Amino acid sequence: MIIIDSKLCKGCDICIATCPKNVYSKSDKVNTKNVYLPFPEHEEGCTKCGLCELSCPDQAIYVEKEVE
Amino acid sequence: MIIIDSKLCKGCDICIATCPKNVYSKSDKVNTKNVYLPFPEHEEGCTKCGLCELSCPDQAIYVEKEVE
Amino acid sequence: MVEERFVQGNEACALGAIAANCRFFAGYPITPSTEIAEQMSILLPKYGGSFVQMEDEIASAGAIIGASWSGMKAMTATSGPGISLMQENIGYGFITETPIVIINVQRGSPSTGQPTMSAQADMMQVRWGSHGDYEPIALAPSSVQEFFDFTIKAFNLAEEYRVPVTVLADEVVGHMREKLIIPDDIEIVTRKRPEKVDGQYLPFDAPCDGTTPMPAFGDGFNIHVTGLTHDERGYPDTNDPDTHTKLVERLCNKVLMHRKDICSVKKENCDDADIVIVSCGSPYRSVGAAMKKAREEGIKVGSLKIDTPWPFPEEEIAEIAKTASDIIVPEMNLGQIVHEVERAAHGEANVHLIGKIGGILHKPDEIYDKIKEING
Amino acid sequence: MVEERFVQGNEACALGAIAANCRFFAGYPITPSTEIAEQMSILLPKYGGSFVQMEDEIASAGAIIGASWSGMKAMTATSGPGISLMQENIGYGFITETPIVIINVQRGSPSTGQPTMSAQADMMQVRWGSHGDYEPIALAPSSVQEFFDFTIKAFNLAEEYRVPVTVLADEVVGHMREKLIIPDDIEIVTRKRPEKVDGQYLPFDAPCDGTTPMPAFGDGFNIHVTGLTHDERGYPDTNDPDTHTKLVERLCNKVLMHRKDICSVKKENCDDADIVIVSCGSPYRSVGAAMKKAREEGIKVGSLKIDTPWPFPEEEIAEIAKTASDIIVPEMNLGQIVHEVERAAHGEANVHLIGKIGGILHKPDEIYDKIKEING
Amino acid sequence: MRTEVRIAGFGGQGVIMAGVIIGKAASLFDNKNAVQTQSYGPEARGGASRTEVVIDDDEIDYPKVTSPDILVAMSHEALIKYMGDLKDEGVLIIDPDMIVEEEIVDFVNEHKIKLYRAPATKTATEDVGLRIVANIVMIGAIVKVTEVVSVDAAKQAILDSVPKGTEDKNIQAFEAGYALL
Amino acid sequence: MRTEVRIAGFGGQGVIMAGVIIGKAASLFDNKNAVQTQSYGPEARGGASRTEVVIDDDEIDYPKVTSPDILVAMSHEALIKYMGDLKDEGVLIIDPDMIVEEEIVDFVNEHKIKLYRAPATKTATEDVGLRIVANIVMIGAIVKVTEVVSVDAAKQAILDSVPKGTEDKNIQAFEAGYALL
Amino acid sequence: MVEKESPYKKYLREERLPHIFCPGCGNGTVMSTFFKGLEGTDIDFENVAMVSGIGCSSRIPGYAKCDSLHTTHGRALSFATGLKVGNPDLDVVVFTGDGDAASIGGNHLIHAARRNINLTVICINNNIYGMTGGQISPTSPKGSFGTTAPYGSRDMPFNLAELVSAAGASYVARWTTTHPLQLSKAIQKGLENDGFSFIEVVSQCPTYFGRKNKMKTPLQMFEWIKENSINKRRAEKMDEAELEGKIIVGEFANNPHAELTDNIKKLAEENSDKPLAIKSAFEELD
Amino acid sequence: MVEKESPYKKYLREERLPHIFCPGCGNGTVMSTFFKGLEGTDIDFENVAMVSGIGCSSRIPGYAKCDSLHTTHGRALSFATGLKVGNPDLDVVVFTGDGDAASIGGNHLIHAARRNINLTVICINNNIYGMTGGQISPTSPKGSFGTTAPYGSRDMPFNLAELVSAAGASYVARWTTTHPLQLSKAIQKGLENDGFSFIEVVSQCPTYFGRKNKMKTPLQMFEWIKENSINKRRAEKMDEAELEGKIIVGEFANNPHAELTDNIKKLAEENSDKPLAIKSAFEELD
């Protein structure tokens, strides 16, 4: 599961650019700061590599990982 | 001709060490600052290379050069 | 041709510098002064001048002093933290009698404080910030027009007396936009160059209250400039008490003994006033309305605006203290100029501070309320 | 065991620091303070402490503040040019309430001036040198013993009020050798550590005139320390006028409202005195002889020695001004402390400066002559 | 007479530029006096943006706005933040597409605010074809409603302020705004 | 009673050390008060060197020497430079091998100076066999002539001040000096 | 159950979020990479002390839930030196920017490197002064624009990684925000190095550098950085002309040697027969 | 008839001689080598402006019969930058010491090098603070003694020539007072280089460095320097252990590139259609 914290996201689109699996797209959902949020359109392709989590400048992404 | 300005010389002996021809020796002549001056004991060996002039920290040495 | 523009105070300052023939600027960005550097970086190349962004404020102060000795009118602009860093080199400017102009757009402080808010908490720093005895000249504008005018005046005074001059603006004046009128007949003081008399010119010799002409490096005078205590030739002479006393007293006297020529105040309604509001810089903007309101109620209120906090207009304040019963000093700090007012008043009037910090200009009513409180 | 030594003032200062449990020194050499650094470099390793020679004075001031937050008592020593450079970081020390001790062994100035000669021309700089409003504490020793005692006191006051404290010595006191008595029961103030109450401790919260306990980094409080205007938690809050006002007023009040506890003066023969000599630091050494000579001639002369120029002992001076007709202020500058004396005297006594620069201490007769002149 | 104007929105809407143009119009082309100020600091970056203009026939002493006669809001956040000190019976101009009107109804009624709706963003995007001139459209609306500056002065100030080559678009935007109300 | 002592010579002669030892002797071992000061600055480097000691039974206010009661000169240059303010009838101790006496005859006569000759350098070199203890030899001479400090105190101060291992040589030097006059 | 928030959020002072950085600013990414790098070491986060100067990048410590000292512009390393020497047990990390570290702070930088003091310095190089609104910095590329370089910068920029290596640092690396994994790894190495570690991170300031240099969106900047990065090993085979405008990434120094606080500790132990004194302010004397 | 005085004396302010330097101090030798180097160029001595900071070495300009600016400690290069940019026609030479240039002044040094401003800097590195009485400096060799290193210095010293090269200087050389001919030649090259030139001169301070490090006479120091000098080309073939404590002499950089005042001049000319403004303070406006 991928969750984007809409209170933190500033809509920079870096997650979109970073994901090697092109999981993210830009939504037309707007938050209170007039920001258009991304959403994991192709979540099925996600390898849970964590790159988006690491790259998001606003600590707004959560990628659920397998529990070992 | 080599002249040492006794008002300027501070008796550091660098001329003695620098001269490749060992021209200088330390004299027992003392100036007003209690400095034992060097003197060109072996002036005849001088090649007028100018090293002593250049090295003397106190601009106290004059080496007469040939006039071209 | 007279030109009218609607500009920020900081831009007016840059335009003033250009008008004064300043052709060298060295600086380091800092809020809320940065627009001055930015404007200079745009303007100077257009006027054939040089702009250098230095690695810090210490280097900036050094560079303008170096540039001044190259024969340039030179300026830097900064805010509190930068001024603190410049203190050593500013002292060097005083002892070497180097004309330079320093702009301080004051912000909330101490330390990094409130970078984007206004304050007047460096009023005393400009007087006492560097080690040792010296007498600074400082001008405090209260409008965009004054920021332009006082920058030119700063260059003129710097050249006239061979001293560093500071313009003590603040964030309010630096950032607001107003109409600026650029006249076509600006009076500019040109640096006095010594006559070339071989070996006769003494670069640091002058009557006890005087200023010597100043050559540029390369003019052939072979002068030595040092921050050590020096004699008339500029040669270090650090262990002779007389050399030091003569030098430092002259440096101070050339400002103090011309206090009358340098000081500028603006008096309104002072003649019959029981209460006089003494203000300097931005807070002056709130005096008019308060005074008007009080006068309308029959309270005899006057205003004395200090254009030149340093040298401090002691006599003008002493005079006011003799006629008025109370003096109100609104400042955007916890009490600085008020110290000088108290000292100059010599116990002859009650001095009341309205110290306000936090970044917001006094509202006219804050002054009016104080008037009412005093009036009983 | 009480120990007696015959040492230079600068060495006494280093010994005082060690006695106060200072175990960190960062500094940069400068005449006439260098012996303090040199002594600390010898002593500290013997006491398990750390000595770092920094690249400059700015770094030295930064390092002692950093060391203070690591939990150390930390000190630096310098002279005018170094103090000028430290101004920005000193302001940071005030706004972050960091206990540090700074020694200024004053020399002839402004600028590089007279490196090996004495002066007291940084008395006002310590008050106003950094940008912004703050209230410093400073102590001025007049003997080798006082240099030792006041250094210890400086550490104590620094810890008590969480502020930078300056010892304003001068070349005379720094370089002369006298007997130093090191008692065996020195009173030392220990830093107050907060109780460990999870999440409850606010590092910058205190009553309006108060000081909060201070943890060391690594103690587990996870505190944020900033030079920006901050709230009780230490978090930046730079645009709210109230946060700034509350913070800066508290910082000033914690010194001002404890003025009585901090200020120390020494009065001699003041009760019946017509003329009082107000001195501070080295010039006090010339007061005794002058006073004695005058008293012998029946002139009623008293002495008030100021140990703590800052906070300025306003009340003590105001009191003197009420009983004495004249106040004489001998200073090794062109007039600094005399400004405060004038202000505090409020016009109730005539204030006379004996300003002396050039590096030589006033001779007793210079003070005596002034007494005679006043006595008419 | 002293008139205090405040324009607020979010970064990127050209709010400050609008304030400068109005100030310039009054001061250089209407021969009145004007002072323009604006918000600085962290909150000015990305988030809310604000400018204020004081206009007076007489000299302006106190340069800051204390309680605006006119408030122009181009974003909801800004409106809520800066609405508080609008004068009773003052003028409020909003871009209705950026604002949740129901949240201000009470305020408007209570303080007898004169509310005007100028869909500047929409007009800029749809009519002028250039979203970034929304601020100029808004100037048109302001001038129409409040007459703080004359139409001529406003146009001159616009021409004096916008990049070369964009003059026509901007005048068009102004006029579209002027026609809105 | 206040006694002012000045010792002058050139750098390397240990002049300052001599002053410190006398100050220490008075202050720590004779239980009097003493203040020692010295010259700093460019002229102290290489050139002339000078130290001054004020000794008093009472507390010492003014710490500087204004007109010395005792002047000790170990070089001619220093003597000429610092002789001027020696008190009338004061004590002058010179190292005769370092001084051109005829240049001071007039001064000595005019001011009724009590002149003593202590060949400290020669004594140190020839009798003690260590040129660098000339300053300690001179202390011996000073103590003998002036009694500013007691012999015991002087010896204790010397032992307290010199490097370990050199104590005997230094005491020998002191005694040689003491025997000179 | 796993918490449903970014794994890096737990290190942050939640009450202060979102942080003040502009949308797409690289500073936030560097924070996360730091926490990831830290997780790779056995350093206790509770023992970390962060120090910074002034600038956007220097605001990072204010968001981390550990002791942090936000100092004066350019002076972070001086304060950090006092903090670390005062208590060598602390893990001291310095966050700084190109302006803070290399313009006003350049001297402290080379001296800290020379002393090889055990600090980990993370220098976020966005080639501009972000905090003050986009003036050029000592790393601004030739020809780039800033508000104080309206005609384009003509000065040569510093090669920071090379400069710090020449000054004596024992670990030096350069990566970019587009290399988050390599960057965390380098930070981890820096933390583990017992000496002065300098990690330069080339980062994006879309608001000022981007806006002034025709890269209006964060993504444009991000792509620009990515495209211009060249690995050091590859770069060594290229000539100067080919390297013009490129960002060389990789390790520049890895050369452990004597460390400052070790030297001081030993000196104290040798001369006092006691361990180095720490926290002397709290010590009751008797 | 030839004057019967040192050929270098004519450049000096005779009324100030002898200078304050201690017997055997290297500063005096550097003065003469400078004049000799100058004679090799076609620079007019009248057009030379000297700038210095504070220190024994920084006193040199006060003895030269040309315009000279003796500034604040460490800041000589800032003042020199203003002087040179203010009037690029001047030949500006900076005299400085290891403390002045590399301790307090380190930042100005690397920035001046980065800008490649056309200054010739002669840095007299005596490995100590002479003026203040013998404290260690950032170039003091490991293990050497100073009044602030009573137990021997444990810090690593700067390699100044390398550092300044890494910062961007276009001409860098190191020689010693025992190489007066090579030194004058390097100074000549530095003067002729149109960019930032840095000449490091390892020199003797017999009074403090010597005294503290068992070399009591100037000659002992002189011989020590001579014996420990190794030419760069030879040094390149030696390993670190062999080079420990050695002074590597030779040229470290010779790489001309765009110069600051040229850039500024061009910018002004391009934007104003006039030559660069100089001496604006004397210009009467109309």
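Letters A, B, C, D, E, F, G and H name the chains as they come in the text, with residue numbers starting at 1 for each one.
Following the convention adopted for this analysis, a residue touches a chain if its C-beta (ideal position, glycine included) is under 8 Å from a C-beta of that chain, and two chains touch if they have at least 3 such contacts.
This one's a predicted model, so the numbers in the text were calculated from it and none came from an experiment.
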item: Minimal step count in the chain contact network, chain B to chain H; value: 1
item: Chain pair with more C-beta contacts, C-G versus A-E; value: C-G
item: Label of the chain whose CA centroid is most distant from the centroid of chain H; value: E
item: For chain F paired with chain G, centre-to-centre distance based on mean C-alpha positions, whole Å; value: 60
item: Euclidean distance of C-alpha centroids - chain B vs chain C, Å; value: 57
item: For chain C paired with chain H, centre-to-centre distance based on mean C-alpha positions, whole Å; value: 37
item: Multi-chain contact sites of chain H, meaning residues that touch two or more partners; value: 22-23, 54, 72, 103-104, 106-107, 111, 138, 151, 260, 267, 270-271
item: Chain B, residues touching no fewer than two other chains; value: 10
item: Where chain C touches two or more other chains at once, by residue number; value: 31, 45, 51, 55-56, 58, 81, 88, 92, 111-112, 115-117, 226-228, 238-239, 360
item: Chain D residues within the chain F interface of the complex; value: 4-6, 31-32, 115-117, 171-172, 175-179, 285-289, 360-361, 363-364
item: Partner chain A, residues of chain G touching it in the complex; value: 2-9, 12, 17-19, 21-29, 31-33, 36, 177, 180-181, 184, 206, 217-219, 222-223
item: Residue ranges of chain G touching chain C (in the complex, touch as defined); value: 54, 72-74, 103-104, 106, 129, 132-133, 135-136, 138, 147-151
item: Interfacial residue positions of chain E with respect to chain C in the complex; value: 20, 23-24, 27-28, 33-38, 40-42, 44, 60-64, 66
item: Contacting residues of chain H [partner chain G, same complex]; value: 103-107, 110-111, 114-116, 138, 151, 154-159, 162-163, 165-168, 257-258, 260, 263, 267, 270-271
